[in-house]
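Okay, so here's the structure we're looking at.
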Amino acid sequence: MGTISNVQEGERLVGFFLVKEREVRVAANGDEYIDLLLGDETGTIPSKMWDVNDQQKAAVQRKTILKIDGTVRHFRGKKQLQINRVRIANDEDNIDIQSLVQKSTTSREELWQDLRMVIDDIQNDVYGAIIRKLFGNKEIREAFTTLPASKVMHHAYYAGLLDHVVSLCHSTLQLLAVYPHLNKDLLLTTCLLHDIGKTRTIHDAITPEYTDEGQLMGHLVMSVEMINEAAFEAGFSIQNEEVVALKHCILSQFGDADKGMGSAVSGKMPEAIFFNAIEELDAKLNALQMNKGQSEDGWQYHPMFKRKMKTDHV
Amino acid sequence: MGTISNVQEGERLVGFFLVKEREVRVAANGDEYIDLLLGDETGTIPSKMWDVNDQQKAAVQRKTILKIDGTVRHFRGKKQLQINRVRIANDEDNIDIQSLVQKSTTSREELWQDLRMVIDDIQNDVYGAIIRKLFGNKEIREAFTTLPASKVMHHAYYAGLLDHVVSLCHSTLQLLAVYPHLNKDLLLTTCLLHDIGKTRTIHDAITPEYTDEGQLMGHLVMSVEMINEAAFEAGFSIQNEEVVALKHCILSQFGDADKGMGSAVSGKMPEAIFFNAIEELDAKLNALQMNKGQSEDGWQYHPMFKRKMKTDHV
Amino acid sequence: MGTISNVQEGERLVGFFLVKEREVRVAANGDEYIDLLLGDETGTIPSKMWDVNDQQKAAVQRKTILKIDGTVRHFRGKKQLQINRVRIANDEDNIDIQSLVQKSTTSREELWQDLRMVIDDIQNDVYGAIIRKLFGNKEIREAFTTLPASKVMHHAYYAGLLDHVVSLCHSTLQLLAVYPHLNKDLLLTTCLLHDIGKTRTIHDAITPEYTDEGQLMGHLVMSVEMINEAAFEAGFSIQNEEVVALKHCILSQFGDADKGMGSAVSGKMPEAIFFNAIEELDAKLNALQMNKGQSEDGWQYHPMFKRKMKTDHV
Amino acid sequence: MGTISNVQEGERLVGFFLVKEREVRVAANGDEYIDLLLGDETGTIPSKMWDVNDQQKAAVQRKTILKIDGTVRHFRGKKQLQINRVRIANDEDNIDIQSLVQKSTTSREELWQDLRMVIDDIQNDVYGAIIRKLFGNKEIREAFTTLPASKVMHHAYYAGLLDHVVSLCHSTLQLLAVYPHLNKDLLLTTCLLHDIGKTRTIHDAITPEYTDEGQLMGHLVMSVEMINEAAFEAGFSIQNEEVVALKHCILSQFGDADKGMGSAVSGKMPEAIFFNAIEELDAKLNALQMNKGQSEDGWQYHPMFKRKMKTDHV
Amino acid sequence: MGTISNVQEGERLVGFFLVKEREVRVAANGDEYIDLLLGDETGTIPSKMWDVNDQQKAAVQRKTILKIDGTVRHFRGKKQLQINRVRIANDEDNIDIQSLVQKSTTSREELWQDLRMVIDDIQNDVYGAIIRKLFGNKEIREAFTTLPASKVMHHAYYAGLLDHVVSLCHSTLQLLAVYPHLNKDLLLTTCLLHDIGKTRTIHDAITPEYTDEGQLMGHLVMSVEMINEAAFEAGFSIQNEEVVALKHCILSQFGDADKGMGSAVSGKMPEAIFFNAIEELDAKLNALQMNKGQSEDGWQYHPMFKRKMKTDHV
Amino acid sequence: MGTISNVQEGERLVGFFLVKEREVRVAANGDEYIDLLLGDETGTIPSKMWDVNDQQKAAVQRKTILKIDGTVRHFRGKKQLQINRVRIANDEDNIDIQSLVQKSTTSREELWQDLRMVIDDIQNDVYGAIIRKLFGNKEIREAFTTLPASKVMHHAYYAGLLDHVVSLCHSTLQLLAVYPHLNKDLLLTTCLLHDIGKTRTIHDAITPEYTDEGQLMGHLVMSVEMINEAAFEAGFSIQNEEVVALKHCILSQFGDADKGMGSAVSGKMPEAIFFNAIEELDAKLNALQMNKGQSEDGWQYHPMFKRKMKTDHV
């Protein structure tokens, strides 16, 4: 059966789809309709429900699951799903909402196991205690293991944040063989907690949005705040030298502050320099990988790079 | 009697001076000497103590007060104090170290009274509680009312930080008459606490230095940390909407983050835009004022502006 | 009765509207229609007049007043007014065109009184004479008191320029209490005349456009030219020290020239630094204020800031 | 006989030299001396007059001519002239001060003849009248034909401004054969008057300094002011379309304003784009030419380019 | 007869047109249509062929010539050609494809003659040999004399590259009269070969596209590669001093490398500085000339300048 | 025995030293002396040989080995070696010049063995052939295994280039476990050859200098030229897709071209993005490592980062 990512213009598409965005509009003829962004496991496609009544307007909300029989049309430069028949999914359909969102290739469970092994590898008492406090909190753990790393840019899928963190831990462990003088526990803890604030800046793993607090504070400082809370609970001063080194690596994760990339402070320790490099690399490679196979000639415009990239090559 | 700022080349200078920096050196002839930076209430001047013995090397440290009879010479493009006679000040000299450092024009005590009146004017319970927790802490209050706002750039004198904060409060109160729709309590609290982290990033009001933690974290984030501590103690969540607004104004105090001026996040509220403008203005006007009267034609190179400025004019 | 700013999609809108832009188009079916931008006291909305004949095409021009009975529709992501009935307003309708444009909250007359009081406060003979020459010119005064300060960015409404200038005078008078060492007459004259060139760069207060000369010269240099003309008429040299200081503050009003913000020269006097700060602040706060209340969650993208801003807050 | 530019370390140098800068200093031993910058037709060299008495201090000023017998020494990375014998030149020495400054290769008189031919070639009445008013003013003509184009950067020698302008006129005339659609009279007038404001921003052709007015206004706007004065005297409006085009080309002479290169407005006409290109090229090629032959390997650091340039090549 | 550039909205347009781009689409009603970009000697216009069958879809490709009878309509802010009747051109129509593309004003043959004269003027054996090797290659010569200099920016028409190179040779020859110390043969060879790599980076003179290799290498380095091949064949080392100077001027043709304009290295020789200036000037003036006469008031937005330019003026 | 890096001010230093730079100077008293930069295995120190005769001036050249008995003095803010006794080393001293230069911690021989293993691991025929051609050339191999990677910035020591390349190969092999979809042979070949052009841009492993050709071409393009030569000799087209991919990764090694970091083209393939990240990381970490242990408090200004870095930490 077709999916959003592989269906061609003119083809029929039948199945269950998740409502990711919806807005009620009035058309030129005075009729109301619902503007939809629909999603399945492979991607998203815009659509419209015409001639909707008040009951339908109330029923079709974000995260509603719809069963649709439609055809793909070309509309102002983009594919759109023209609905022939539609109904709201019911309990008997027995659809798991998670089957309708994009996910990491490795399962969330496997990724969590990988992460556990990294945590067990950390010797430093301070870092160990902070990590246990944070991941021991059920609410934080739930958010951390389901949220995307960002809405659009990279690892923008269910459990994308976890996928990103596990990838960074692996990179660090591999490169420590080349740069053995770097502080392993500081680096791994930075990998694990560098985006922990995203559990407060991104809301909802299925239809993610940025919180007010997230937009006003930024996830770097919010990661620091959560580390401070954990350190305090674990009985360590937030001015402890090792805690400060950890916070420094997190606050400088986007590179030089004077280049305006988003760091709160410029990296001033070798570990901060190292972490910025592998974090940026992982985000970029994931962004390229996420968008592979979408053009005929292998070239595709990437907003992250602001140029055409050759994602499919020799 | 002459002072450092008004003494001319070739003139004699006699009095008590504070050792602000010192380093032992070996001259070309093999003799040891001490390289000094001396200060009085009006400024600083380099000097050298020749032919020093071990006892002198041990006695002359940072913050030592020296009685000197010397002459001002020209040496590689700058004035230097050539010492004719020198001795270490003793108890009988009865010199108060604070009489040998540059200070704000308004006394520390008056500034503190001004600040108290501003605090009394704040209605908001959350902000009021946080301010009382912080200024109620004797150690913080002591640092806050004696430290400079920076080592070199602006308000670089004893109690300069307090002077800067009081000036910002006055600017805010005056401009609220023009922009009455802005949130007064949020603005005044931002003025009061925007640099509170400097009490942890700058060490020693007499011979100030930046702490390791300060260089690794930056005073913006450290101000936020101190506010969080105070909010927690006062029984407010650090995610409280008003606390978040306050922290936002502080984290964006240097303007747009993507311009690389040092903000942790770009200002996104009118109060943040307002505070950035008056903070930058006060720093610039103070920097120009601090360096007035130092050139013959009224023009002088300013590192903050990276150009010659006309500080004495029509 | 509904207005452009508060009407909702699907609602009816009846009243008089000003034609702010119009263009005759040919539709896909070969019929001609007029593309309109309509305005009332609260804002603007696009519309279309279909099946127009030659007489209508000739009659409906910029500044024509139309009486319309229409319904608001959603069209390509924006509201549009669908016309049910339309006619051109006649003398009996007795509509004042000024009642159909956005205006400053304070009336033009009150603003002018405020300005007069500021002018009376200026002691300096040179500045006083230049101001009287310029505001004594009826044509300049008429333009100065009706034009917007810009077409889109800030104070983009009838008498917006006057509103902006009065606001700057108030800011200056208030802040002089904090910075009494600044030259009051120089600052107030800069406030009054910094945009005087806009009377030659912007044409027509109702449907404003930039003149050719304005685009080729910029309003900074044109303000200087008008000041020179006035100084010459008043018998002062354009190289007079006070005139030069005034022109310097105007030419540097957008901040450092090497940052490419539009200044002709970088500010090199404390007054120039001061004026740049308050001018930029007033423009930003007005831009935020102008766009308040237009989104549900209080966040809105602002072209001036190139990011989403939280204009409605705690 | 040796000259400043060709004398080697260790060699003797005897002759008349012009005092270009001087300052009285006090040495470590308490003696006063005069710090000098001496010049001849080929360049400049620092020197010191030791043990000077009050009479000598009074007599040796900027523009004083000294007869010196000295030896060239190496002092802190630079050549310095060590004076063995010195006296102030007297009338009998019969030294023309102009023989002691660097000059253009073509004589001032020939350059002026070239310029006259260009002026005669201009057909446009408005431009012709403005040019005649300005060059008809004796004071302006005297300054224009003797000043350097800048103190250090390019054409930094006696009559350098005239040399630069003549070179630009020649470039324009040559390139009009390639781009015949450009407005010849507009371009030539721009060449002739683009730096006319420098007659007010630079003071003294022999020991040039920037005036206060020049630093506060910039020579672009001052050129416009002088053109306005001339247009007014000649009976043309300063808003005349041709006058505006001329002023536009002058105000945009340093390229795009938003790149912060110093233009008051960005070039928006083909002639403005053209003039910026040839002006920048002439300045750069002259800067390279001025510094030719000063290093052994043909490579030399250039402040204008901020890198090493290969000025002597294949 | 009407042409694409002079036809007005509502008018009929009849003639032969070249298919420059085409894509098959599915409309909202399920029908297939072909989206077209049509061109003639004066410009391009979008169009749509409705209700196309499989045979038509196969027949209408890039470079197909269509005979169309249509009417110009306004569609989403742009002109569009609404087709009334259409057929594919046949042999009897006897249409030369080159008559349907934009071309340089001077004919390709004349430009080539101009170029030959420049080549004959070069004395230097090394440069002469390299030029002969490259232009002696029939494939290179064919591409060089038919390709545009770029797809959109400047000289974006048939033989535009040749037109650009000839223009640069003329500029150089003219300016050598002003700067006779520059190396004539180096400059002319740089003009001739600076874009020779474009014969490998741009594919097809009629419907030009960038090659994969071109996007991965850039035409600067590819020009250097072709020069190396020619030098090798001609028996000269690629490290030969004159060959290196030539490659330097080509690699630095876009100005300072640290400004990110696209140069591989910053210009470090006077000839490199010179070439960058005339190349940029020629590209800009051509871009302005290409877009002349397209707006009513003479002002038009230019993507190369990122602002409105006044292309039709006094 | 003391070495340059561990000797303290006032201490005696005796041993053999390499002359790295020398220049004959004339002192204020007229005597000639030689300004020296001396080096041993641990670093460099300036010195002066006084009262030198013609024979000494001729004998003491770059790379001369001197035996010196001296004392370390403080001179204008830096250590300097004051010579008590000095003679030129003779054959009997039997000093190997390589024992007097800084070197990689791993021996050149071991590094070469590592590199050989990487080469043997490459499967791709094209890349294998190019690598064998280049490293099979004795002259290239000799330069490649002895030169520093740069004069000052990073890996600035004997065999530093080889050290850098081996480190990059290790990083790549380690990270391929995390990013297995990347092209291993392309990445390893890029590591091996990305700086191969430095064998032509840097001259002399003992006292390295940049060649004229290197400054005019840059090592990126010169690496491409050498790869082209090798591909040609090995019978592959320089337009071969795999050769182009390799050259692309090399030309984009410094990141985005439009940021002006020195790349000839922006990276457009995942492998180019990857290589830029690990190359920059290795350079930065090495720069930090090279300068470790030189300050008391662990903080030190780094020209590469343009800020103080904390190189010695928790």
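Quick notes
Order of writing sets the labels: A, B, C, D, E and F. Residues in every chain begin at 1.
To be clear about the criterion, a contact is a pair of C-beta atoms (placed from the backbone, for glycine too) under 8 Å apart; a residue touches a chain by one contact, two chains touch by 3 or more.
The chain lineup, named per UniProt: A, B, C, D, E, F = HDIG domain-containing protein.
Computed from a predicted model, the values in this text were never measured in an experiment.
Identification of common neighbours of chain A and chain D yields B, C, E, F. Checking A-B, D-F or A-E against C-D, more than half of the residue-numbered contact pairs recur only at A-B. In this assembly, the C-alpha centroid of chain E lies 43 Å from the C-alpha centroid of chain F.
Centroids of chain B and chain E (each the mean of its C-alpha atoms) stand 60 Å apart.
Residue positions 212, 215-216, 241, 245, 256, 268-269, 308, 310 of chain A are each in touch with at least two other chains.
Chain pairs that touch one another, listed by label: A-B, A-C, A-E, A-F, B-C, B-D, B-F, C-D, C-E, D-E, D-F, E-F. Across the complex, chain B meets chain F through its residues 25-28, 30, 32, 212, 215-216.
By the touch criterion given at the top, residues 167, 170-171, 174-175, 177-179, 181-183, 186, 241-242, 245, 256, 266, 268-270, 273-274, 277-278, 280-281, 284-285, 288-289, 305, 307-311, 313-314 of chain A touch chain F in their complex. Listing the residues of chain B that touch chain D in their complex gives 9-10, 71-75, 82, 299, 308, 310. Residues of chain E touching chain F in their complex: 200, 212-213, 215-218, 220-221, 224-225, 228-229, 238-239, 241, 244-245, 247-248, 251, 256-262, 264-265, 268-269.
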